[in-house]
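Got a structure here, written out as structure tokens. Questions coming.
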Amino acid sequence: MEACKDKIRVGVLGATSYTGAELVRLLCFHSGASISYVSSQSYEGKALSSVFPALSGICDDTLLSPQEAAATDADCVFSCLPHAASAELLLPIIDRGIKVIDLSADFRLRDANVYKEWYCDDKHPAHAAPHLLEKAVFGLCEHYRDRIAGASIIANPGCYVTSVLLPLLPLYKGGVKIEWVIADSKSGVSGAGRGLKQNTHFPEANENFSAYSIGHKHRHTPEIEQELSAAAGRPVTITFSPHLLPVNRGILSTIYIRTDSSAAECADIVKKFYSGSDFVRIREPSDLPQISSVVHTNYCDIAFTGGGGGQPVIAVSALDNLVKGASGQALQNMNIMFGLKETAGLLR
Amino acid sequence: MEACKDKIRVGVLGATSYTGAELVRLLCFHSGASISYVSSQSYEGKALSSVFPALSGICDDTLLSPQEAAATDADCVFSCLPHAASAELLLPIIDRGIKVIDLSADFRLRDANVYKEWYCDDKHPAHAAPHLLEKAVFGLCEHYRDRIAGASIIANPGCYVTSVLLPLLPLYKGGVKIEWVIADSKSGVSGAGRGLKQNTHFPEANENFSAYSIGHKHRHTPEIEQELSAAAGRPVTITFSPHLLPVNRGILSTIYIRTDSSAAECADIVKKFYSGSDFVRIREPSDLPQISSVVHTNYCDIAFTGGGGGQPVIAVSALDNLVKGASGQALQNMNIMFGLKETAGLLR
Amino acid sequence: MEACKDKIRVGVLGATSYTGAELVRLLCFHSGASISYVSSQSYEGKALSSVFPALSGICDDTLLSPQEAAATDADCVFSCLPHAASAELLLPIIDRGIKVIDLSADFRLRDANVYKEWYCDDKHPAHAAPHLLEKAVFGLCEHYRDRIAGASIIANPGCYVTSVLLPLLPLYKGGVKIEWVIADSKSGVSGAGRGLKQNTHFPEANENFSAYSIGHKHRHTPEIEQELSAAAGRPVTITFSPHLLPVNRGILSTIYIRTDSSAAECADIVKKFYSGSDFVRIREPSDLPQISSVVHTNYCDIAFTGGGGGQPVIAVSALDNLVKGASGQALQNMNIMFGLKETAGLLR
Amino acid sequence: MEACKDKIRVGVLGATSYTGAELVRLLCFHSGASISYVSSQSYEGKALSSVFPALSGICDDTLLSPQEAAATDADCVFSCLPHAASAELLLPIIDRGIKVIDLSADFRLRDANVYKEWYCDDKHPAHAAPHLLEKAVFGLCEHYRDRIAGASIIANPGCYVTSVLLPLLPLYKGGVKIEWVIADSKSGVSGAGRGLKQNTHFPEANENFSAYSIGHKHRHTPEIEQELSAAAGRPVTITFSPHLLPVNRGILSTIYIRTDSSAAECADIVKKFYSGSDFVRIREPSDLPQISSVVHTNYCDIAFTGGGGGQPVIAVSALDNLVKGASGQALQNMNIMFGLKETAGLLR
């Protein structure tokens, strides 16, 4: 990809992760951006397309070391690194005044103590830059467009989080009275990353299905609760249950909402909220969201059903964890930050 | 398979369904049973193994017409037919005094009006034999062993139903106070049967995941509620949400239980209840049930987690929809009815 | 999608097939084309997006009947109909001077008798327009660009055929001496279409793998042999063995070539031949083509290995059956016919 | 499983591999065998069922270290260890006069130099016990029953090898004139073992298909050629191309045979050869072998088609790589060695 003076020059840290490769593909076909560099600790010096043969002829750039990357010029840097490593490497880049979009969890939680509780360990005992947490904007595009437009640090939301917040936030903001919420979420295996683990070894994940980290123990829970609480103006807790689904991509969340409002009322509120948002599609109860409708796109599909007769209202949402749940939304954030059309490079 | 005088002579109606084929395979390697006949409306006159090449050399019997089957001698007849057709064809067989195990829904609901509401239509406006509903025993082996032993008609429970009742029934029987229950269930595609539909066409089910019939609309709901209500001694309603999982076999149910009891207390009660039951395995919260642990077996794995701090207790259960959820449990019922060892032919 | 005066107005017959839906998606994001109509016999009057929810917000056009479609104006018409039906419906459109691209087999074979042998039956005893066979151009873009540019009827090649011809044709054209060829091809299930069949029912295709129509009996064989013979200047026959692969998309062909040339020589010839072709990527033997590298793209990846010591040279090729194997190549043909950049709308 | 005095006491080395777990499951339901010990280097001291939750209640034995295992009494020891490690650990066991069945490659090749060429490296520069190679019997049950019955060391054949040899060996033994053979084989991912690799990480193997080690470079080639040459009485070389198939279990080989004999003649010869063999099923060309017909069984299905008009005869074979391709055949070998019924414990 050749650079062009008036294009946004973009750097991608951690380009050999799944979210990194997806982001690079999107950027290569984005008319307003050009890739300044791609970097990787493990594959430094190799061509990105030697790691992902699918990118041959699309992005054959050589992978810089993180150190080289940090010293290279760019208008916008995306980090697809793991948490802790991400904040650490982004700090000098932020200091140079470069806008950053962090796909890791490092800037999502506004409270450094909550961050510590869920993400720190002996090796990384504390957040690398707690003073920046206030400055970071939570990059859920449809809810924070104005703040994103003026931001210099974007905390790109988690994939599960996006699938749970998009249907719920308008209800809390719209004053719907909600007693409790249970989000039963199912994610494709790419959500677990490219690192090798026994439970994502093909013969163990294929033809299998399992729950994990259930019972208020998954790291995405505080992120969901932070945003719901802010919208509700009071502390909100939820029950969040992730499951591992034997597909490559996609998250479907089945969300049980105890409320006196009807499913139709919820759908109305949410539909109105997203009326100007291209990437949220509200569906009828007779046409529930499904993963195959959204994979490889930046859409999040949402429907409401159930309710009445003492039954909870049920929201169903679906998105592609690597696109609207990660790299697509990150690019959407870049579009907003740089004043481009929000959908640029995201329709396909 | 050669018949033997002192073996139970078994007839299988609807042998070309998935549950039929699974049942035949199990019967062929059951030392106490011999197949008297297999039948099929659509494939009459053909060898069963021409429909299921996997059964070549195992059961090459010619498929009788349902009429021929009804006139053939047997000690026990299994029906793997669809509802309505099943009751109709079983009636004369029951009249001849032959014990029957019905895998369809026809004898599961004790109230003919409830049956009518969920299963009847213009073509089948009413239950074919409402007078027999009282006589039929609900074949959830671990809960009704004594009644099954003396029964002549067994209503084999639905697959989803078994996965939801096995963890819940001991709690209701044990007096645990439960405010509400939400069962979020995920089933492999064989649960939808062998008939062709667009949503089970490979390119549409594969790499997909979807909810269906949610919001109190699935036929298995009244069956679950009937049994829970009987155990509780009061009307119990639940929220039941089925999903289509892109695997061949297996059901995993994530069941949210609002109760003041802890997960450990629930696990204790359930563990005690099933202490003499070979096919229910209680697992630790650190070792949650998963589909791959139970496929091709008659096990149902159960664990309890969550609870505390206002969170619901979460039960996770897993079973093979074609074995413990259908044909395996049917065979288990036969073993009990005929005084054989309950595990006969079911360990593999 | 709004039409625009200087855009190519495109009609799509058979838009509810898999190739139809893929084509519509590609067209919607093609800056030089606008959809004039979509049609479907079975779903007439419905929105295309009600059949393919993934297309919601992308193409919500109402499906015309084939008759309405035939009477509607367009600059270019694609037919995604089955053979026989396709030629029949295209005839009046061709007569009106509209350029057509036929994705069916109807215009691929130049000899009406060969067509009859492989495609006709009692219902369709002969080709509908044998006089047009000579006029039709075989739309294998990389080999017939000049003729395509001036064509009014394009016979878009079969998916298997493209995967076999792209590696082989340059060898025959380049004078490589080839004694025999065996193509062992494996295709994802979408290649079998959207119609329901027992062998593509999820529980029967999933976790399965099978050969079909092997031993010179598959309809794609004469199409392959016609083109190889033309390139060789003598009659060429091959052994072609298709297999059903449990993935949604993609074809991988392993092609055994008995020749005295080495794998490296073959690779050189083929690499030179495709040096100006964006969509053919020649890979090293250490980096063999695989399906995951090409799905959702218009690329065909090719490598050569083996040979020496009496061993055949082995070509491996991979493409997406719905893109380079069908709708992508069809669009590439349109680009060439209408003087657009060959890659327009095909990079993603 | 309780031990019983007159049962064969069996030890399993490498019990935490996929072949080990499959073997243990089979042994647990084998009426003539009892497990004396299971061992594992990596999981020493843990329960086997903690590694494979599916085995809970079936085999909860504690895993011995390889050293403890070697010192424990047994009548028959199976090794599911990797090559090199296997021979090394089996040596002292063989010295104690215990019969061994080795599922690794260590005793398959009769020529220590050929073994060295394909299996040795700096760490293991030579075979640990070349003097025993002559003593080992190649455990392809249907071909070497007599020798197996008297053997003390069995080299259990490779999975690919079994799928290629079973259709071919009777032809060579029967004097069919064969000019050349190409075996295009496709294996499920469990064939690559339980060790983690990038290409068997779920998101990379799923929805993918690829060739590997093609062009006479796969380790199973010399094993196939050794047995074919022995049968032919002259050196035979073949072309063998393995592929990675996105299913858990199963191998399907499409084998191209250049011969003047017809497919029907080949089928006849092979059918006669296996007439007394329960686990080989010869199928009609209209009913080709497929993976779903053989998974979880010890069957190998074979059919012949093609031929005539200059076309090669095509053999298609299918088996389960973990059963007939490994642990099932190993158990079949044990049955033969100890004078049990050959099918004992293998029908399910």
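By written order: A, B, C and D. Residues from 1 in each chain.
Keep this in mind: a residue touches a chain if its C-beta (ideal position, glycine included) is under 8 Å from a C-beta of that chain, and two chains touch if they have at least 3 such contacts.
Just so we're clear, the structure is a prediction, and the values are computed from it rather than from any experiment.
*Asks:* Count the C-beta contact pairs for A-D and for A-B, then tell me which is higher.
*Replies:* Result: the pair with more contacts is A-B.
*Asks:* Most remote chain relative to chain B, going by C-alpha centroids?
*Replies:* So the farthest one, by centre of C-alpha atoms, is C.
*Asks:* List the centre-to-centre spacing of chain A and chain D in whole Å, with centres computed as mean CA coordinates.
*Replies:* 46
*Asks:* With centres defined as the mean C-alpha position, give me the chain A-chain C separation in Å.
*Replies:* 36
*Asks:* Using Cα averages as centroids, what's the distance between chain A and chain B in whole Å?
*Replies:* About 40 Å, centre to centre.
*Asks:* Would you give the residues of chain A that are in contact with at least 2 other chains, written as numbers and ranges?
*Replies:* 207, 246-248, 290, 292
*Asks:* Quick check on the complex: what are the chain A residues that touch chain C?
*Replies:* Going through chain A, the ones touching chain C are 29, 50, 53-54, 56-58, 207, 278, 281, 283, 287, 290, 292-294, 296-297, 299, 301, 347-348.
*Asks:* Which residues, counting only chain A, touch chain B once they are in their complex?
*Replies:* 182, 184, 186, 204, 207-212, 214-216, 237, 239, 241, 243, 245-250, 252, 254, 256, 263, 285, 288-292, 295, 305-307, 309-312, 314, 316
*Asks:* What residues of chain B sit close enough to touch chain C in their complex?
*Replies:* Spelled out, the residues of chain B in touch with chain C are 18, 188-190, 194, 196-198, 200-203, 205-207, 246-248.
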